[in-house]
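Here's a structure for you.
First chain written, first letter: the chains are A, B and C, and each begins at residue 1.
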Amino acid sequence: MNPYIPNTDNDVRTMLETIGVKSIDALFVDIKPEHAPKSFDLPSGKSEFEVMERLRLMASRNAGTLVPFIGGGYYDHYVPAACGALISRGEFYTAYTPYQPECAQGTLQALFEYQSGICALTGMDVSNASLYDGGTALYEAMMMGIRITGRKKVVMDGGVSPIYRKLIRSYTHNLHFEFVETPVVHGQSDRKAMTAFLDKDTAVVMLQNPNFFGTIDDFSDIVAKAHELGIIVAASVYPVSLGLLKTPAEMGIDIVTGEGQSLGLPLNFGGPYLGFMATRRKFIRQMPGRIVGETVDAQGRRCFVNTLQAREQHIRREKATSNICTNVALCAMQASVFMSLMGRRGFRELAQLNLDKAEFARQELAKIPGVEVKRSSPTFNEFTVRLPKNAADVVEAMIPRGFAAGFPLGRYYPGMENYLLVAVTEKRTKDEIVAFAKALAEVLR
Amino acid sequence: MEIVEHYLYTKEHEWISIEDGVGVIGISEYAQSTLGDITFVELPNVDVEVEQFEQLTALESVKAASDIFSPMSGRVVEINDKVSEDPGLINRSCYDKGWIAKIEISNMDEASNLMTASEYESYLESLDRGGDTESEE
Amino acid sequence: MKLIFEKSVSGRQGFKLPESDVAVQTKIADKYLRQADATLPEVSELDVVRHFTQLSQMNFSVDANLYPLGSCTMKYNPKYTEKVAAMPGFCDLHPLLPQLKGGERYVQGALEVLYDSERWLSEITGMKAFTMQPLAGAHGELTGIMLMAAYHKAKGNKKKYIIIPDSAHGTNPASAAVAGYQIISVASDKKGGMDIEKLKAVLTDEVAGLMMTCPDTHGVFNSQVSEIAKLIHSVDGIMYYDGANLNATMGRCRPGDIGFDVVHVNLHKTFGTPHGGGGPGSGPVGVGEKLERFLPISRIVKRNDGMLVLDYNYPDSIGYIASFYGNFGIILRAYAYMILLGSDGLKATSDHAVLNANYVAARLKKYYQLAFDRICMHECLFSALKQTERGVHAIDIAKYLIDQRIHPPTVYFPLTVKEAIMIEPTETESKETMDVFIEAMVEADALSRSNPELFHDLPKTMPISRPDETRAAREMNVNFFALKA
């Protein structure tokens, strides 16, 4: 019995008669005997109750109890109950892409508001209705820069997430681009090395703020230099930090992307997340992904539609700006609920709280003998510490003490084996931070 | 379907009007009505060299994108900025105010590869009318 | 309805943050700070809840309406899968945990979901191995083409082209182009299948592979598929299976058994995960023996002690294609769906999906022209050409259905059929519901004779009537603040 198939034996008989065949098998005439499965060896079905029990058991084998001080671009922020409640409405989550605007104004208006919220945060003119995640969004930004300039050289700052950089490298493996990666010195983009590589063949410079080490930067100087040479500047940003930090628009950046997980989405073991992208109005046609636009209906009432669709794969096929079709509309709506709940002031307070807690943690860790927290530029809610031991081993020793202590940088940066990346969100209490520092001191003793 | 007598036409529904070695290029009434309301005109760059029947530029309507091919080879000498500001001009006046580009023709002999107005008229009769394009996945 | 920004009242806030319990007040240097607050709306929590609830009520959805959108498989999304996805232990798990030394011990349940899902999908499709990483169908396509390219590179093959039937989804040529290939489009024959003679005519040693949706978007299962596979393999090409229509053939036919080397499946179509107003989706990719060593990293392997771990040690791998392990929350729902249905349930799913589509086709073919008059698979394809002669186009019929509280079928796709109406009822709709739809379609046909003018103002019962899409595309107003400025 399959609870999702309503056809009774009687229905099946009537329907087969209408069709004019004797059996369901007869409907599969085009699948010849030689096409039959060689095997279909799967367990038989279970009841909902049994499935729930099994999955509850599997969930319990995961680390529900570790106190997270790990970030790396993905943060343990609080998700307000209203976020989940609203996007769990069947009218949102069981709808599809709003191809028929008259019966999809809910999704369309919500996505228009999302786009406007992203523009408010970043200061940019236009936003799309979402891409898969922060990594793929940065890749799309790079491709966009290449399309706009018609050039093929990419200069990538070493402070961009190593996960994103690896992803971009595999995507462009078969394409003939020249790649330059520039180093990070004292936690910041190496201006000298970077500007040395900028020339009239450079399509796009790729940056991140705060960078993977948690350092805050002002890229205005790099942007000015790049623009002199007609180079596009793309940057990945952490949206919560924009409650306080200089906006990409204020720095003059051309294409802004980021991971929107911190805007009210759970960590979900890696997805679904939210890739956002915003740019200048003059580049809107080069921006990939769906875009919702305002218009009026036949009676002159304001309404919303998917617009500029002629850029997209379903019309332009191999000449489209990107192959993207499905995006993450529901995650975008969830982010929009989050931004609305926080509001103008709440969003700034949230950023300040993250900053203060991280600063407190930094001060606590600084008290531990052998731990170095020196920095030459400010950090936001994540920072790098130098340990007297191998950071991967330290993290392993911290797990039984109940902490996911951070991300060891040696995994992606050879030579930085003793460095640990520590993230502190608004959810970490003073007690947790003090206990964390105490446990770390014990492990290092 | 309006067809201008002294223009030459392509199978892709572009027209060219030749005078003193310069060709004015646009799209036909058939093309503009098939595309529907044009929303965007991507103009070619001045001084670009184009080959006959190679892509010159592209147009977009709400639900279609259409490449525009050059009826003859030559160098782009002038573009019509008015159609990029007001793409609907092509819908309203495709044979006149809605021209797209002017080229300095490099090989007059290529004109023999194009259709005259009456040839184009019978070509249109042989075509079925096409619909909009919209798709979903 | 007002935008949330237009409901903003200075001083309101919809969420209470915790008081800071640390005696630190950090001030960052001005040069790093934004000049003014982001202009997010200032509204109460109830304002937000009411706003989004009212917005949701302006939508059609599977939960509330028949949604026979062809090629999209808008089946019912079982509620328990939402509960599974929200279980603590799954939804709050940080993706970097298994990459910490000793961290894998704390994610065994999650890794098991992924590992098991790979096994299930491998058995369903007849492939050797799967990666769950691709984040959507088109992302799966790109991954598949990258695997294809890696294979040819490893063999020293010089390949330039990918063959794609004209009936394919637009994502196929777009994905192949993004991966650096040129496209050869092949027309369909009169019965709707791929034209083998035309395929032979374009087949050369430079062909990297063929992308095929099977059954295709004409609703046709190409019975010559094995022959096509032989042709492609004869030039060392790769057979790519676009799993958009897998809902038609589970338990009846496996792509791996009929010559396909690489497949992607859309969990948001076949495996009951919600479409979310356009996403998130999930597009896992499976491969046969030939391509396995190229799969993206990380891969999940079982150690001798039974522990599941991430393995990055595959020197031939195409590398990272996603930041982590895929859209885990979606995979989890699909996993819960698969294990509930089991072997029989999955086969019954396809059987009834095909039965329902044929029932709709049989009843409507007197009124609408079938694009291909034959038994179809899980979707049936009509053309509104007869109605168009009376001045009523496919889009008009779509708008008529909206007034009947039915989401329209896919219209104007595939591009190969004029005035296309593509109907996919799915297995989860009852005969009664389909009868209501059929009667509405029959009525639309009758009205196209008696009163064709009536259609042009439809729909009349929705919050809005037909929008001016030309104006939207010309004005490009996509940001509330740009409008205000």
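By definition in this document, contacts are C-beta pairs under 8 Å (C-beta built on N, C-alpha and C of every residue); 3 or more make two chains touch, one makes a residue touch a chain.
A quick note: this is a predicted structure, and the numbers were derived from the prediction, not measured.
Note: the chain lying farthest from chain A is B, by mean C-alpha position. Contact count check for A-C and B-C (C-beta pairs in contact): higher for A-C. Between chain A and chain B, the centres computed from C-alpha atoms are 43 Å apart. With centres set at the average Cα position, the gap from chain A to chain C is 20 Å. Separating the CA-averaged centres of chain B and chain C is a span of 36 Å. Residue numbers of chain A whose C-beta contacts span two or more other chains: 97, 99, 308, 310, 314-316, 319, 325-326. Multi-chain contact residues of chain C (touching two or more other chains) are listed as 69, 72, 137, 169-171, 410, 413, 469, 472-473. Each of residues 39-40, 60-63, 133-137 in chain B touches at least two other chains.
Residues of chain C touching chain B in their complex: 69-72, 137, 169-171, 244, 388, 393-395, 410-415, 418-419, 469-470, 472-474. Considering their complex, residues 39-40, 60-65, 133-137 of chain B touch chain A. In the complex of the two chains, the chain A residues touching chain B come out as 97, 99, 285, 308-311, 314-316, 319, 325-326.
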